[in-house]
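Naming follows writing order (A, B and C), and every chain is counted from residue 1.
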Amino acid sequence: MTDAIISIRNVTKRFGSFTAVEDVTIDIQPGEIFALLGPSGCGKSTLLRMIAGFETPTEGDILIDGKDVTDVAPNRRPVNMVFQSYAVFPHMSVADNVAYGLKMDRLPGAEIKEKVAEALEQVKLTDFAHRMPDQLSGGQRQRVALARALAKRPRVLLLDEPLSALDAKLRDAMRLELVKLQESVGVSFVMVTHDQSEALAMADRVAVLKDGRLMQLADPMTLYKHPSDTFVADFIGRVNFFEVEEFKPGSAEVRVQSLGAVTLPTPVEFAAGEKLVLAVRPEYMRVRPWDGTGVAATLGDVGFQGDSSIVEVTLESGQPVQVLSGIADTPVLLGLEPGAKVGVDVDLGEGRVLRG
Amino acid sequence: MESFRKNLSVFLAFFTPSAGWLFLFFIAPLGIIFVYSFSETISLTEVELTWTFENYGRLLEPEIQTLFWRSIWLASISTAVCLVVGYPVALVIATAPAKWKPWLLLIVILPFWTNLLIRTYALLNILGTRGRVNEGLEWLWTKADGFLTLIGLGAYDLIGEEFEPIVFLGRWSGVIIGLVYVHLPFTILPIYAALERLDRSYLEASLDLGASQWRTFRSVLLPLTMAGVITAAIITFIPMLGSFLTPALLGRGQVDMIANVIERQFKGANDWPFGAAMSLFLLYVTFIILAIQAFAAMRKQKRSERRG
Amino acid sequence: MAKARRNKRGPFEYAHKLSMQTVFVLATIFLYAPIVVLIIFSFNDSRRGGNVIWRGFTTDYYVKAANNASLIEAFVNSLAIAVISTIFAVILGAITAIVLWRFRFPLKPGYEGLVALPIVIPEICMGVAIAVFFSSMGLYVSPGTLWPFNLTNIIIAHITFSFPFAAMVIRTRLNNFNREMEEAAKDLGASEFQVFRDILLPHMKPGLIAGGLLAFTLSLDDFVITFFTSGPDTVTFPVKVYSMVRFSVTPEINAASTVLILITLVLTAIAMRFQSFEEEHK
């Protein structure tokens, strides 16, 4: 037995002929924020709903605290969920909403009162206890949903796209608040999101899913710096791909013609005939006036973002490349106009060879 | 939505009462009059099932044919009047300031909530030869006559020697007024709904492209709300065709429609099988109209799917 | 400048066009004039006809109507039928709406059509069918049956034509239900029944009220179906008025009708209050 709080073991879910989740195995540890990340339709929500008990796996098991709950109804599972629409009951006051789950547990009235007060305190809604949901803002409604789920002291709190219904400014504030809340209550959070920056900013570990399959499971830094394949590299942040023309299996060396025939070691062994690419993130490249060194390129459009700029250049091979320039390296400040010949430096130490 | 198998006991607990009720008190009665329509009256109280087609054959008698065509004409003319009056009314409501809309809608719907018999009776009251309508017309006549006399034309009796009240009751005109009066809200609501759904930028685009208001109405507004107009026409026409009270009270037995003759088979003539055949005929006509509409809607949907 | 702008109308404000306004006003007059005249002449102090010449104000005919035992009996019958059939219609309608909203089952479109059928078929067909059904099944109401059981046939007929309307209204309401509410309740530990009682039923409430009011009005309004299913001893208000109207027009009928219109108005006002209440709390 592992000490994982939730074990998803070889779970597959099919809807008719459509496979929503395919052979996924994940362990979620106590006290962590775990993110299920992927584009829409990748199966992340189905996975969450299977943990909650709203869907039953076609194959595989789900264990909570080491006990198989695959066939346990949602109302009998020690997990609670914050729904995407929050699903705050419109005909009950804030306090009644929070008390609802406790009433279902048939707790004595005094204890319910105490726990409701505590939960509302946690989400800073004490003064709103007697308001009706239609008198609350979106952010406040989300807090009600949080308090309602946390009041039941679940083993794991499930959050379905927790920030997607909030406006941009509130979203940033709530990210931090959710993390702080998790730290104070100590319950594991499992959240579903399609927003990679949200997952990177909040989660301790992230599972990236695509077409129902688990692509990579790692902490945010590893995910960013060592993506397992081109999908993950592309989904998490910006990236430039360069075609690998030649490599010798076993020799751990590749040749990329467009960068001027560079050679660099690869940590993974690839088989002969595989199509490989070199992935380099834009921040590991630099644009400067042409001086005969580096990779020759033509300057294109510059997208100024304040603290940095996204610079488009076209290499001599004809390949378009994006470079992230710090404010000091912005081509305008270097006296460069679009169309100018520039040199591009590539930090090959941060390049990753991936299957294409 | 979930499959009924997933929760069979809940499904059956909910499905059985309503389906059972419909079967017992709706399908079974229709089945019984279906059987009746093939039966013969053998005595004052007895009917025997002989699978005769005679009752249906009698529908072809000239007298019944006249009745059918009269009913269809009355319902068609009244539906047309409802559409012509209902469209502008719906348009006014749909384009009124948001604040007024619910009140304007209420004005139109409120009579619909009033008892049908009372409304028909109220109309009966004022349409008589000595009712309010003719009184109003007489007042107008007197004024007009006085005016003609004043300008020296009084001696020519241009508008008749004296006021003659218009007879509505027992005439087509009375029945049509009654049918329109009773069913106008049915016409207005679907047209209003269609107008509300319409994206106003279509109209703006039309005007922007240089079309006149009238042209915009004809080639943009009307075609785009045609579905609503057709729905309105159908849900106005069907109940009109089966009207009983309006022709009974305003037609005074001289402008009968199908339902009046059906009623007589049951309450007076005691020829239930023939009455059953006539009722079913009316039912079939209704079904045919609904089927044509469903078919047209389906074809339209298919066409747009093919295009998309 | 400001004045000029105020005078300029948007191109689609048909509500501000004189010709359109005229049509609207004329249509309104057409719809209301007969009813207004009826109400006014219910206070007319004239024995004959009652609706021809105004002879002064009186409330005599209200007193007369109130003392007309058979009219009052018919009135009470109508109200009893409406109340009882509404209760059943709302229950059956809610059940039907839930089945259609929640479940997928074979031949569902056919069943949906069947439920809608009583709404679309001509009243006369339904009246005839139900009347023939009762008589051929030998389901006569024997004279002397205890009130309100002597109204059973009429009540059954009313439930049959009104519950599909209630089902339609309630289903519309159910379509607005956020299924996550149901899941949230289950997630918090509620059983199927608790979800129904605590979450779904409160959500359905406005639909139940609206459906109930609709069923009530339809029942009070119905003449044709009642006309066919009622026996000689079970006269409802519309049937009674019909038989009175056929003989003569009396101010008494005007008075009784005015009372019924008033009841309808009050009901409509209640319905409106509920609706606006709901909107405020959305």
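Note that in this section contacts are C-beta pairs under 8 Å (C-beta built on N, C-alpha and C of every residue); 3 or more make two chains touch, one makes a residue touch a chain.
For clarity, every value in this text was computed on a predicted model and none was experimentally measured.
Per-pair counts of C-beta contacts peak for the chains B-C.
Greatest Cα centroid separation from chain C: this falls to A. Of all chains shown, the one whose average CA position lies nearest the global CA mean is C. A straight line joining the Cα centres of chain B and chain C is 18 Å long. Remark: chain A and chain B have CA centroids separated by 60 Å (rounded to whole angstrom). Between the CA-based centres of chain A and chain C the separation comes to 55 Å, rounded to the whole angstrom.
The touching residues of chain B, counted against chain C in their complex, run 1-4, 7, 10-11, 14-15, 17-19, 21-22, 25-30, 32-33, 36, 85, 88-89, 91-97, 100, 104, 106-108, 110-111, 113-119, 121-126, 128, 130-132, 181, 184, 200, 203-204, 207, 213, 238-239, 241-242, 244-245, 249, 258-259, 262-263, 266, 272, 275-276, 279-280, 282-283, 286, 290.
Put simply, chain A touches chain C in their complex at residues 52-54, 73-76, 79-81, 83-85, 87, 89-91, 100-101, 104-105, 132, 134, 145, 148-149, 152.
Within the complex, the chain C residues that touch chain A are 178, 180-181, 183-191, 194, 198-199, 202-203, 281-282.
Partner chain B is touched in their complex by these residues of chain C: 11-15, 20-21, 23-24, 27-28, 30-35, 37-38, 41, 49, 51-52, 92, 95-96, 98-99, 101-105, 111, 114-115, 117-118, 120-126, 128-133, 136, 156-157, 159-160, 163, 167, 192, 217, 220-221, 223-224, 227-228, 238, 241-242, 245, 249, 253-254, 257, 260-261, 264-265, 267-268, 272.
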